[in-house]
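Going in written order, the chains are labelled A, B, C and D, and every chain counts its residues from 1.
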Amino acid sequence: MTAIASLLGVAAGGWAVGKGITNQIILPLGLPDLLFHLRLDPLSGFFLVVIGLLAFFVSIYSLGYVKGFLVHRSITSLVIFYCLFLAGMFMVVLADDALFFLISWEVMAAASYFLVMFEDEKIENRRAAFLYMIVAHVGAIAILLSFGVLAGLTTGFQGFSGYTFDAMRATSFPLGWATAAFLLAFFGFAAKAGVIPLHVWLPEAHPVAPSNISALMSGVMLKTAIYGIIRVAFDLIKVFPWWWGSIVLIFGLVSAVMGVLYALMQHDLKRLLAYHSVENIGIILIGIGLSMIFTSFHMPLLAALALTAGLFHTMNHAMFKGLLFMGAGAVLQATHERNMEEMGGLIHKMPWTAAFFLVGCISISALPPFNGFISEWLTFQAFLLSPSLPSPLLNLLIPMGAALLALTGALAAACFVKAFGVTFLGHWRGHHNPNVHEAGWPMRIGMMLSALTCLGLGVLPTLFIEWMDVISEQLVGAKIATSATGLGWMWLTPIAHERASYSGPIVFVGILAVVLIAYILLHSRPAAIHRVPIWDCGFEKINQRMQYNATSFAMPIRRIFGFLFSIKEQVRFVSLFGHKAFPKKLHYHLRIRDLFWGWLYKPVVDVSFWISRKVGRLQQGRIQVYLIYSFVTIIILLVFLG
Amino acid sequence: MPLLILLSVPLFAAIVLAFIGDRKYAPEINILGSAATFAAGISLALEVYVEGPMLAGGKFFFVDAFNVYLAVLTSFVSMTTAIFSRRYMRKERQDGHVGPIRMRFYHAMFQLFIFAMLLCLLTNNVGVLWIAMELATLSTVLLVSLYRTPSAIEAAWKYFILCGVGIALALFGTVLLYFAAEKVLGAGGEALLWTNLSQVSGKLEPTVLSLAFVFLMVGYGTKVGLVPVHNWLPDAHSEGPTPISAVLSGLLLNVALYALVRCKVLVDGSTGTHHAGDIMMGFGLLSIIVAAFSLLRQKDIKRMFAYSSIEHMGIATFAFGLGGPIATFGALLHMLVHSLTKSAIFFTVGHASQMHWTQEMDRIKGLIKGNPLVGWGLMFGVMAIVGMPPFGVFTSEFLILTATMKDAPLLTPFLLLGFGVAFAALFRRVQPMVTGPVPSYQRPLKAAHIPVMLHMALVLVIGIYMPDFLNRWFHTAVELLK
Amino acid sequence: MNTNLAAQINSFLAAMILLTAFGMLVQRRMYGLIHLFAWQGLFLSVSTAVVGFVAGAHHLYISSILTLSLKVILLPYILHVLIQRLKIHKEVETIVNVPMTMLIGIALVVFSYHLTAPVRELSTLITRSTLAVALATVMLGLLMMITRKHAVTQIIGFLAMENGLFFAATSATYGMPLVVELGVALDILIAAFIFGIFFFQIHTTFDSLDIDQMARLKEED
Amino acid sequence: MMFYPFLIEVLQILIILAVAPVFAGWVKMLKCWSQGRTSPGLFQPYRDIVKLFSKDVVLAENASWIFRGTPYLVFGVVVLSGGIVPMLSVDLPLAATADVIALVALFAIARFFTALAGMDIGTAFGGMGSSREMTIASLAEPAMLMAIFTVSLASKSTSLSQMVQVVYSGQAVLRPSLAFALLAFILIALAETGRIPVDNPATHLELTMIHEAMILEYSGRHLALIEWAGMMKLFLFVMLGIAVFSPWGIAASGDLAAIPRAFLFMILKLGAVGAGLVLIETGLAKMRLFRLTEFLGSAFLLATLGMLSYFILE
């Protein structure tokens, strides 16, 4: 059912973007003076496609996945909230007035909250869900205020018409208020998107949710926040100074780098993926931030390039992160284990899942010929074009951002070598050998479809970019020229042929061809393959505990970037003869925490409770004291007025 | 005519219930009486809706858009509460918390309380308004101490004394009001009629009125439960029987706020300034913040929701103080949805504590699995009360917040702080209660379905689709309060 | 009786009311308090009657009689009975810092006078100057409730406040409309019954009427 | 002249296949000489590869298709990259397939799979090699991008043939930015191709190996492909450096006659670079793994200085 609905969403979105038209509908719901306004324009159409496509895949996947739950619990609530969640996301991108937007927004948040809490007997689920809810709600209030500012400045505030996006579009805002609105909106959306330092809920909530839900949350729910930022900045406010873009850019960069570094330190597979969402949201924001900078300097072409990069990455991230979470779900279902330290060698038992997961890994590591590379490449191109900006300071600083992005990409690759290597390759690391089996067909189909989409987007990006060009045309007023020549679909040339180009099909076909040729040549002569045990360097039989695991893999990077984490490392000796030289047993304990807990969240919580204790003293039990309150209040008021 | 029925039915029911005592069918009579009241309320509302504001009983009663909607609300919530209390109080009797005499007392006083509130809302006379308010207090004081535990008596005593003092101060304010009005309207009953006062509010002496407002504010503010004169509220709500907490929280506070708003209109009309509004905003803001932070450290479930009521009354007071069409609209809506939601929450809370034999939140667990209606009801109730869409509270908070952003942007951070903290505090407590496995000491319970579902459905509907008549009512009320 | 004389009588009565209010503030013995309260009620009743006579407002006579019967006869009697029933008549109460309380009381009077001064200018009534006394009486009642620790004395303080209110109503405006006066009286009657019930409840539960025991519902840990 | 570009393309791929082992042999030979040993000759790498091709494959029990497929993939990627870097002529049809950034990404995919293959068997060495390799790569990447950025500032392009053309046409001579970028590039290239002081291709000492640790389990034709690809990668990095920083002698567009001359120039330059490489390798000792941060940090610094000097000085 949901699959069909999602397909409808895809169709509608694809149609809207393809035709570049705008539809508006007003539903007879809501406040009588403020009916629910719906609007389908290319931007929302694009996001509709993103959401719908992944939702379609995930819905197929879920058919198989939820069977795992059926054994020991009812899934009614899962199904209900799943549908609500999808509906919420669709409504968010379609909403065209502040009230309806926020309602959809919170329906989405609430539904996902219940989904995170689906397995509510586990304490970590409850904790994660709670944290998620808090951050989401605080973010929502900020968005609400932002709309409040915007609506307050529109002409129709005395009535209710000021709340519609149309009224906001028609108003040009004074800079100070617009800035307040933008910052509030950015804060709110950033909380949803998991931008550092508002990301803490994300690595808690995504791992504990059912995997199909993680896929949707990470793949598309975060994107609604991106949609919000674009909508507010480009569509509602329209004119802004360059430093807004810089703010977005800086937060994007920090999120990208920190996200991937934290991801590297994880040994919980889904948690690792969750941190990667932080990273990828960062990359998307980089694109958007650059686009905003270019827009404020009136360089529509470059702005279009950067915006396309950001949007393209949005699409890509939805696809590969959905794929990865689905893969992780398949692994979770097969092994009942999220800890990578207890996995290994799954490629033999789950060949399909392994292959699809590998596709996801390559895509997210931004390696050609898959889709992740295209968007990152476009982002780099946008970076490289920044020297044409008329501001010397930006000229000097923005390239550093490019370097950080490069660092992010490389670290992501490292991280996914770790993730894939430790999970699927090598030997089983766990203590007991579970009965692992391949995922069922619906799950495989779901994963396969998104894997194919990843490949398709990577090989033929030009077609996709041409299709979505209309968005940037509407928002920043320019298209990026992709099809300069007759064979335009082959070459991706964002600005000009001389500037830079990339050809997905040739890379794909080229690699494939050379590999095939080499393979055929080498196999023309039969050669035996001997299967032997692993070479043990002449020592005793090596066992599976000697393998590199997730922690040891990340050790060099942990050392190098150690200052960014709060790390507690402990080595405890249990030694023979009471001397260190004769160790009998070594206990190694490592605890890595998110730095921002200590910096940002714990103080807030502590201060709240401190204030709460102080405030509690008001209610101090004795009636005379209460009477004194009344007495003093009245005296003060009398003095004040009299 | 419906007006007369509306008032006489509860009074009559109170007398009947006092006489028949604790019979088997007493709860049903209670429900019947409330239902009749509600029907009368509806027909009155229809009449007003069709014909506009009206005077009745020789100018003694006055009905306009503002109070008729509150009257309907009052009769509605009292009806659902009566339905709820049937099952709830039966359980309490089985558990031996209350005896037959107290049951008789409970039923009679419940109806008397409803009568007092309706009188309070419908009267045209500011003095009678005061009397009815005092009657409402007095009729509930002994209900709060119904269980006769030390803490219940303590709570009731505090309620009695603090509200008594508060209301006395309000009387002083009323005297001053009369003092000013008498000059313009002449001595006698005419000078205390709200309809007359509002017409001549521009001519009333500003100094006297602002003096009067201080007393009215502190007096009725005590009843509304505004910080710093709120101290009776958490005690009374947590120690009384749950149906009483529901009506106290859902209705009495509204009625007190109604009185306050009526006075504010007069005062601002007279002084031509916004001082009264400013004072209300100050009280509101203080209530929001103090209540929000107090929520953080609650252990008793009913006490926690009592603080939540303080917070929401703070919001409504703040919005009325802010003024302007959108804020006032939001405040009216807020009164409506808060009262529906909060009483629904108290219904579920009552059942929850019966299921676990305690009001300690640490001991309440696994409600959704134990009793889905109670569990989900509490969950959704809390989601609604903290302002999650699509429930109606969100709509009102949305309007209030955006209006604040427009008119007093510097205050929004405080509002935001309060909302955020309250949200976190409530969720932190409620989530462990509704989720998780069922504890061994939980007992199954037949819960009262209808009231909870009815309330939540209404709140939901108002959030998604507000009927046109409600909207028009609010708009008329907004006009009145300008 | 001419207006001037009436005004003088009224002022005298106002002074007496104020004096009894102060007396109650510092009186330690329970019976003394009740007597002072009855006296205050009497002064109030007389004052109401005088005002009614001067102003020709005949409903004030009803008020006066109500006051007389309620506050001078009924309530003191009830209190008396209760005290005997509950065997608390011998109790002598400690009051926090009497001189301090007196000073605050005087400050309150000054404050009330200052506050009502502008209102006084507006009024043409002969009784206008007594408004300050009425306000002061209300405030002193409140102060008394704050400084006392006994349930009965708190109630007396509360009733003293009501006296102040009544006085304000008569002195400032020649009395409220009759409906209101009757209603208020009814309320006080009900309140009297309720606090009667309360005394019993408190006494049986806590074994004394000392309200310091009733401070367990609080937020502090 | 329709076929001219394709001719060049084919020629170039042949060159890279053929010349890369020779270059590797040349480096080894020079190294032997400098250390006073007898060298096995310029063509020893050929002999090694041929020998490996004819051997049977010994495969670990639990090797998966990733382990077996990686050599082919790595080989394929490197050959494809070979068709992209202009060596003889600026007029290379495939050059537009990928710009510098994409080229770096192509190398990255080879590395990605090699690292996976290292983890496939499940030995401690493999994992260690993968871990270190990926660490180094992530540190090298920002510096690499910075260098590219600097160069592209001068040429206003990241497309290789365009960059070559700009430098070749003399618009950029003796620019400080390019000099800095060159220095940075050399450091990065050392790291990327696994030479001393970052990695030692000749060692099999457990504590110091990086790249070798990953491919320790390979044998037969798999090893041959990997070794060959490794030589080509070294060769390609050298060619990339030459193309971007000193393309003089390269054939201009459509100039068929200049090809032999260009080939000659290429050989000469290769010889010189080989000598330089040996100089570095004999002069320096291998660094500790955690000193590499400083090494690559200085590469980044140099590249950034190059960029700054572009903005400040030019």
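The working rule: contacts are C-beta pairs under 8 Å (C-beta built on N, C-alpha and C of every residue); 3 or more make two chains touch, one makes a residue touch a chain.
Note that the coordinates shown come from a computational prediction; the quantities given were computed from them, not determined experimentally.
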Contact network partition after chain A is left out of the picture: B, C | D
item	value
Most heavily contacting chain pair (counted by C-beta pairs in contact)	A-D
Chain whose mean Cα position lies farthest from chain A	C
Closest chain to global C-alpha mean, per-chain Cα centroids	A
Geometric centre distance via CA averages, chain C-chain A, whole Å	69
Distance between chain centroids, defined by C-alpha means - chain C, chain D (Å)	100
Where chain A and chain B are represented by their mean Cα positions, the distance between them in whole Å	44
Centre-of-Cα separation between chain D and chain A, whole angstrom	34
Where chain B touches two or more other chains at once, by residue number	157-158, 161, 165, 169, 211, 234, 294, 297
Residues of chain A whose C-beta touches two or more other chains	613, 615-616, 618-619, 623, 627, 630, 638, 642
Touching two or more other chains - residues of chain C	115, 142, 145, 154, 211, 214-217, 219
Touching pairs - complete list by chain label	A-B, A-C, A-D, B-C
In the complex, chain B residues that touch chain C	125, 127-128, 130-131, 134-135, 138, 141-142, 145, 148-151, 153-158, 160-161, 164-165, 168-169, 171-172, 174-176, 178-179, 182-183, 187-189, 191-192, 205, 207-208, 211, 234-235, 238-239, 294, 297
Parts of chain A lying in touch with chain B, wherever the complex brings them together	28-33, 98-99, 102-107, 109-110, 117, 120-121, 126, 129-130, 133-134, 137-138, 141-142, 144-145, 147-149, 151-152, 157-160, 163, 180, 608-609, 611-613, 615-616, 618-619, 623, 626-627, 629-630, 632-634, 637-638, 641-642
Of chain A, residues touching chain D in the complex	344-345, 347-348, 354, 358, 362, 365-368, 373, 377, 380-381, 383-384, 387, 392, 395-396, 399-400, 402-407, 409-411, 413-414, 416-418, 420-422, 425-427, 491, 497-503, 506-507, 510-515, 518-519, 522, 527-535, 542, 544, 546-549, 552-557, 559-560
Parts of chain B lying in touch with chain A, wherever the complex brings them together	157-158, 161-162, 165-166, 169, 210-211, 213-215, 217-218, 222, 227-229, 231-232, 234, 275, 279, 290, 293-294, 296-297, 325-326, 368, 383, 386, 388-390, 394-395, 398, 401-406, 409, 412, 416, 419-421, 423-424, 427-428, 431-432, 435-437, 463-468, 471-472
Contact set on chain C toward chain A in their complex	111, 114-115, 139, 142-143, 145-149, 154, 211-212, 214-221
